[in-house]
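One chain, subunit A, links the two complexes that follow: it is found with subunit B in the first and with subunit C in the second.
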Partner chain A sequence: MESQTHKEGSYTILRLSGEIDFHVSPKVREAVLAGLDEGQNLLVDLSGVSYIDSSGIASLVEGYQHAKGKSLSFALLGVRDGVMSVLKLTRLDKVFPMFDSVEAATAANK
Partner chain B sequence: MTQATSGNAVIEVENLVVGYGDRTVLNGITLSVDSGEIRVIMGGSGSGKTTLLRSLLGLKEIASGSIHLLGKKFHYGYPKHMSEVRRQMGVAFQGGALFGSMTVGENIRLPLREHTRLDENTMRIMTRIKLELVNLAGFEDLMPSELSGGMVKRAALARSIILDPKLLFFDEPSAGLDPVTSAELDELILRVRGATRTTIVVVTHELDSALKIADRITVLGKGEVLMTGTVEEIRNSDDSRIQDMLHRRPREEDQDPEDYLRRLTAKRH
Partner chain C sequence: MAQTQQLAEFRFPARTDRLRPARQVVRDALQALGCGKEYIDHTVLAVDEATCNVIRHAYAGDENGEVILQVLTRGDALVIRLIDFAPPVDLATIKPRDLDDVRPGGLGTHIIREIMDKLEFVKPPRGAGNVLEMTRKLEA
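Coming up: the complex of A and B.
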C-alpha cells in the first residue's frame, strides 16, 4: 500500500493505492485523521486501491465521523468495483459521499 | 469426481483416511474446492461429514493422506507455521460456540484481539459493521444467553468473518432454525461470498439450503465421496443413494444376514 497527500485550497487529497488490509490500515487511519486535524476538508482517492478489508473500511468510517464532528467535508473518490462491492455489502455505499474526481467533489460542496 | 489438481484450489484433500480407534470413518476422501466457491458437503448421519470438517479444522488427527489449505500442507494441531493460514480461516460452529461470560460484541472482537493490534476505535467499528451485516445491530452489549438460537448463529457468523477470512467453514447453519431464519442465513452466506469472494464450505444435511447456496455439492456416504457436482448434476445423478437423499427416502441397505448375525453376536467389535 502507498499513500500520498497533497493540498488543493481547503482540501487535502489523500491518494491511496494497492491493497489495504489490517497490516496497513493503522497507517490509513493515521493519515485520514492527520489530514482532518489540520482543519482541511478531506478527499480520499481510492482509484488505485484494488482491495480493502473491513479494518480499512472502519478507518474510513472513523474519518468520516471525525470530519462531521469538525464540520469538514469528507468524500471518497474513484471507488473501484471490488471496493464498491464491499461498501455495498455493509450498506456504506449509502453513507459515504462518493465522486469521480476532485473537481466533482469540490463542485458538489460549493 | 473432482481431482485435487486445480491450480485455483484453496482446499485440496487427497486420499484422506481418518478413524476413531479401529473404526475407519473417512476412507480415502479426495476433493478440491476452488477459490470463491461455495461448496456444500452433504451426507446423512454417519456419512463422515462432521469428521471431514473436524479434520479440515485441525481438530481431528488424520491417519493417512494429505490436506492442503490455502496452498499450505496442513498439519494436525496447528503448529506455529500454520498461524497465518489459521488467521485467514473463519469457522462458524453449529452451536455458535460463543463465550457465555463475554458480551456479543466482545465475542465478535475476540479474533481481532488475538490476531491484530488495531486501534480500539477501529475494532469497535469493525464489530458494528459485522453486527449490521448479520442484522444484529444494537445487540453488542447483550450476553449470548440473552439471544435466540438464530441470533446466536448470526453472532457466530459475525465472529467468523471479523478478520475477512479467505476461507470460511460453516457447520450446519440451518440446524435448529425455523425455515424463515434458515433462509435468511442462506441469503447472508450468498451475500458475503458475492461481495468478498470468500471461499465457503458448508457442512449440512439440509437439502433445501444446499440446493440454494451451493456452486458444487460433495455427497458423502459411509466415509467415501459418492459424488461431487453442480446442483444440476446432483439432481440428474442416477446413483440410487443420491436419489434417495434427494427424495428423502430411507436408506434400504443391503443386508448380509450372516454379517448381521456376526455383528450382533461377536464378543467384541
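Coming up: the complex of A and C.
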C-alpha cells in the first residue's frame, strides 16, 4: 500500500494505492487523519486501490466522522468495482459522498 | 454424505503480513475451480476477515500461533476451514452489529455472514484449539 497527499483548490487529496488490509490499515488511518489535520476538505482517491477489507473501511469511516466533527467535507474519489462492492456489503455506499473527479467534488461542494 | 476434496492448504504464523498470501491461496484455488470474479472477490474477503479475527481475537496478537487454512469442496459447496491452536472461541460472541450505527469497527463479522451461507465451529482434531468451518454454495 502506498499513500500520497497533494493539494488542489480547497481540497487535500490523499491518493491510496494497492491492497488495504488489517496489516496496512493503521497507516491508512494515520494518513486520513493527518490529511484532515490540515483543516482542509479531504478527498480520498481510491482509484489505485484493488482491495479493501473492513479495517480499511473503518479507517475511512473514522475520517468521515472526524471531518464531520470539524465541519469539513470528506469524500471518496474514483471508487473501483471491487471497493464499491465492499461499501455496498457494509451499506456505506449510502453514507460516503463519492465522485469521479476533483471537479465534480468541487462543484457539489459549492 | 457428499465427498470432500481438498484443493489447497496453507499453514502460516498468526501475523497480519500473512493475510495477503492467504488471500492469494484462496484466490488461486477458486480461479482453478473456474469461479466468477465476484464470487472469488467476496469469498476472498470473507476468508480474510475470518483469518483476521483468528489473529486478533483467538490469538490476541500472539505471533507464535499457527493458523491452517484449508480450501475444500463438499458436493456443490465450497468449504473453508480455519484451524488454530488458541483457546476455544464461542461462536455466539461473534455477532454482527447494527449497520445503521455508522462507526468504525465491527464490520468484519457482518461481511462474513453476508457472504458465506453457513458458519460453525466443528470439533477440533486433537491438539487444535478451534476449527471454524465456513460454507458457501458453489456457482452453478
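One rule holds in what follows: the second predicted complex is superposed on the first by the 110 of 110 C-alpha atoms of A that agree within 3 Å, B and C clash if a C-alpha of one lies under 4 Å from a C-alpha of the other, contacts with A are read in each partner's own complex, and residues count from 1 in each chain.
What we mean here is this: a contact is a pair of C-beta atoms (placed from the backbone, for glycine too) under 8 Å apart; a residue touches a chain by one contact, two chains touch by 3 or more.
This structure is a prediction, so every number in the text was calculated from the model and none was measured.
S.K.: Put subunit B and subunit C onto subunit A via the superposition and say whether they clash or fit.
M.R.: clash
S.K.: Could you say whether A:V86 touches subunit B, subunit C, both of them, or neither, answering first, second, both or neither?
M.R.: The answer is both, since A:V86 touches subunit B and subunit C.
S.K.: Check whether A:H6 is in contact with subunit B, with subunit C, with both or with neither, and answer first, second, both or neither.
M.R.: In the superposition, A:H6 contacts neither subunit B nor subunit C.
S.K.: Output check: A:E19 vs subunit B and subunit C. Expected answer is one of first, second, both, neither. What do you get?
M.R.: Touch partner of A:E19: subunit C, not subunit B.
S.K.: Output check: A:I57 vs subunit B and subunit C. Expected answer is one of first, second, both, neither. What do you get?
M.R.: Both: A:I57 reaches subunit B and subunit C.
S.K.: Looking at A:V95, would you say it contacts subunit B, subunit C, both, or neither? Reply first, second, both or neither.
M.R.: Only subunit C is touched by A:V95; subunit B is not.
S.K.: Which subunit A residues are contacted by subunit C in one complex and by subunit B in the other?
M.R.: In subunit A, positions 21-22, 53-55, 57-59, 61-62, 85-86, 89-92 sit in both the subunit B and subunit C interfaces.
S.K.: Which residues of subunit A touch subunit C once you look at their complex with the stated criterion?
M.R.: Answer in residue numbers: 19, 21-23, 51, 53-55, 57-59, 61-62, 64-65, 82, 85-86, 89-92, 95.
S.K.: In the complex of these two chains, what residues of subunit B are touching subunit A?
M.R.: 116-119, 121-123, 125-126, 129-130, 132-133, 162-164, 191-192, 194-196
S.K.: Mind pulling up the subunit A residues that touch subunit B in the complex?
M.R.: 21-22, 25-26, 29, 53-55, 57-59, 61-62, 85-86, 88-92
S.K.: Which residues, counting only subunit C, touch subunit A once they are in their complex?
M.R.: 16-17, 19-20, 23, 38, 41-42, 45, 48-49, 52, 55-56, 99, 102-105, 107-108, 110-111, 114-115
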